[in-house]
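What follows is a set of structures to go through.
Shared between the two complexes below is subunit A, which pairs with subunit B and subunit C, respectively.
And now, the complex of A and B:
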């Protein structure tokens, strides 16, 4: 019997979502504790920046990043990170392990796109709490600024967050894929943490002899700097003309990143040799 | 006596070679440790620039850079990657049995293993560290006097002891709760924040400072660094060292107590 030639991707996705929720609910205490821990961390971050703003009115002279605007920036960091931690980072860790143990064979044999399977098999729902915490911080900051964003701003904000996630996803996929050659990539977690560290600060701090090269590398080679900066500016500073070049660039580079990371993934799969027998 | 010594010597040697297996992974990891410092430096440069370079909490830009560099040294002594998680995993999967039936003390074994790993770490990390400190030497005002250097050495020893015994105690909680990964995550966050890893404690508001001063966490990062930078007067330094000594002994005792009580509670099957 022949049904459709495509596997039902949406059904598979929803099944993954449900199974993962069930799995996490089995260890309920851990689920709650994890959610609390992540939120606690964000609270500490807010405390830290609040501390800075007790000493200064702005981060970077003339940058426009005042306390409330910076909270919009932090809220964006939280949302992007939470989406990554919920959907993609756990999968990439798993992928790296599959390669090391030679278990990738099972994924390759399944009648579904391997990248799809590798990308969505795991979902860490407890990390999503941070997303709502981020929305809370965003609303707090906007109320404090007494600022109502336009509908267009909100739509663009959402789109650019998704584009940012796409860039992050491409980077982490490329990093995890490299395990095929390296055999082991224990530092994946660390690498990921350190690279995203750069994305967590506004572009304006990357100046001077140390900052400028970093700004170029992480805008054009590993484009993580635009991930948070572009949506955060749209929300915190409005639609300003001088922001357009970077915004257009973000659209292009996110599509290019997705395309290239998929190419790399497929190329690497052809090089994969199982580890067993 | 000699059998006893040779056993511990063997444990030490095995741990040494174990650490030498993945050398490239290790060198890369060491250099990457310095990456977050760059963003911290850039952030504080931007913050200070917004107030025309006026110091915050007594720290100008050079002090901030020196502080973050010194914190990496404190953390090289106090951080214990995988210690608590390793203990709970051995409790959960039953591997802990081997320490109970063999004449090897679990905490002693882990301590020796950790010392061996740390020694290899210092040996191999010496070059990257030397490079970074050479590049950054202009941020320092020069070497402190010998007495302060001695106190600095003692404070690093406390950093190691407090870090080790506190985390071992946490791991041994696994005898009671099988799943402690969230607890460890919270511990990591608290450590990062309260130890001064994230920022020098001088920028805290005055009313909050005592809380940080009496907690054991500042010894894991802030205390040795601030001591080296001569951020405290001699009385504060002596007092701080006493409190650090107290916490070292305190966590040594808690780890022994947790182990004794835990073993009494533990039951192993099969194998």
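And now, the complex of A and C:
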């Protein structure tokens, strides 16, 4: 009757994807409005940076972040954010809410990895529009630069976007997990916004007495600065030797982040007390 | 009979932040917090065999739900042991989690905005149920619970009773060997309650599964369970048959006497026992069990009686008595 003891993760994932799509389609107007709002926000950002580049040729003297290159950076921000908003942020908000209301009970009962379940249960498909918007911006910037990236560059770019998403995911998972001790975590959204704000700019701007401490904190303690910077550099500036140390570090730190956040998650589940019914 | 659930000295203590009234106290609470320990379950011993239908009775906060949560591995105990189907529940092994289900009347696990059918499909994937078996189980459950017309409606549009039926289906699709039911009929109207009871009885009898049920409705319990466990203040105060409660705690009987004449003021019967009500020509008194026979013959001899009945006190009253006894014991210790 039961063919295997191994839970069918891919099957469950596809069912989640399908159910979420069906769910969002039932609220058609919401689906469209949300998609439009998110895209509008990104369009506004584009406009804003265009404005800045009317005054400057480069952000940070000698940094190499010209207007077109910075658009590559911005495209990367869009793609990473879109993946986060589609897959992980809604789940972490829900997770925090499940803890508060004691509804995590049902997730703990299922014969499948609990972290997997709470990570993928919700998908906000309307936020995925930005991913394609980002690809559009990337192509536009590359054409403007008259630059054709190599296949290796493209592959590494994709890999580093995924590693960046893994780091972001670990951070937001750790934040949501803390709800187990805090009872609730209403500030999840705000925290998420503040922390990712730092990740939205090139590393090069974090210099001097103000910038340097921030660069260290957000590279080594909460490693969100490498999330966009590393793939964006690969795509915008090519494979430069002086960029390799940070790239290697990114691979390590993303794996460490995933490992540590899972440890924290499992530790927290043992403390879960379930709200009264 | 195989031992399905074996619980020894199971204890769960919650540490709760003491909140005091008022803004000033709340401000102080931001800095320094006082905690106190709430013993939810205090050293419970329990053995349940395969195929038993056991009811957990107890006032609110007695530890019934906490016990079910411990046995389903949702929370970890503070002390004690438990094995269910040979597994330690709070290890949360998949092999165990495939074999039981928990249904909570106050919480729902179905996707709110989707038809129940979609949640069932998801369960099929998570529990890895073969399509053939899934279809068979689902059709059978839909049939028995009479919900075929509701499958395509979003869950949020269903009535409470209909939703509970769907919750039961979701919980039973993987054919669990043990079913934990936490107040499954709460908030339901009489008809819906009756339907759920009928279904549970039928399902348990045909499958011979083990069921643990908590409920505040005596009807659920009398309809379903032979064995009753009374919990109060985290301790077991009674574990035995439903009838045994009457024997152990029902120290009196209810005697209802109807006088022959249509009189305005019936004779005083307070010398025989506690008078409960006077509704001429009918008087109801509470008589110690041992004296029922003598009281009855006295009354019949001395008065002109049209009708008489002797009954056990309502189960609710006896249970309430057990609860208050338990509370007294607790305060004394």
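Just so we're on the same page, the second predicted complex is superposed on the first by the 274 of 277 C-alpha atoms of A that agree within 3 Å, B and C clash if a C-alpha of one lies under 4 Å from a C-alpha of the other, contacts with A are read in each partner's own complex, and residues count from 1 in each chain.
Operating definition for what follows: contacts are C-beta pairs under 8 Å (C-beta built on N, C-alpha and C of every residue); 3 or more make two chains touch, one makes a residue touch a chain.
These numbers come from a predicted model, not from an experiment.
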- Task: Specify the outcome, clash or fit, for subunit B and subunit C once both structures are aligned onto subunit A.
- Result: fit
- Query: Just subunit B (first), just subunit C (second), both, or neither: which does A:12 touch?
  - Reply: second
- Message: I'd like to know which partner A:111 touches here: subunit B for first, subunit C for second, both or neither.
- Response: second
- When the two structures are overlaid on chain A, which partner does A:204 contact: first (subunit B), second (subunit C), both, or neither? first
- Query: Does subunit B (first) or subunit C (second) touch A:272, or do both, or does neither?
  - Reply: second
- Using the touch definition from the top, say if A:214 reaches subunit B (first), subunit C (second), both or neither. first
- Message: Using only CA atoms and the superposition described at the top, report the least gap between subunit B and subunit C in Å.
- Response: 7
- Message: Shared contact residues on subunit A, subunit B side and subunit C side combined as an intersection?
- Response: 27
- Item | Partner subunit A, residues of subunit C touching it in the complex | 14, 65, 69, 72-76, 92, 94-95, 97-98, 100-102, 104-107, 109, 111, 113-114, 118, 121-122, 125-130, 133, 154, 182-183
- Query: Inside the complex, what are the residues of subunit A that reach subunit C?
  - Reply: 1-5, 7-8, 11-12, 15-16, 19, 22-23, 26-27, 102-106, 108-112, 114, 117, 270, 272-274, 276-277
- Task: Would you pull the subunit A residues touching subunit B in the complex into a rising list?
- Result: 27, 29-30, 33-34, 36-37, 40-41, 44, 48, 51-52, 54-61, 63, 184, 186-187, 190-191, 194, 197-198, 200-201, 204-208, 210-211, 214
- Task: Using the touch rule from the top, collect the residues of subunit B that touch subunit A in their complex.
- Result: 22, 25, 28-29, 32, 35-36, 38-39, 41-43, 45-47, 49-51, 56-57, 179, 181-183, 185-186, 189, 193, 198-199, 203-205
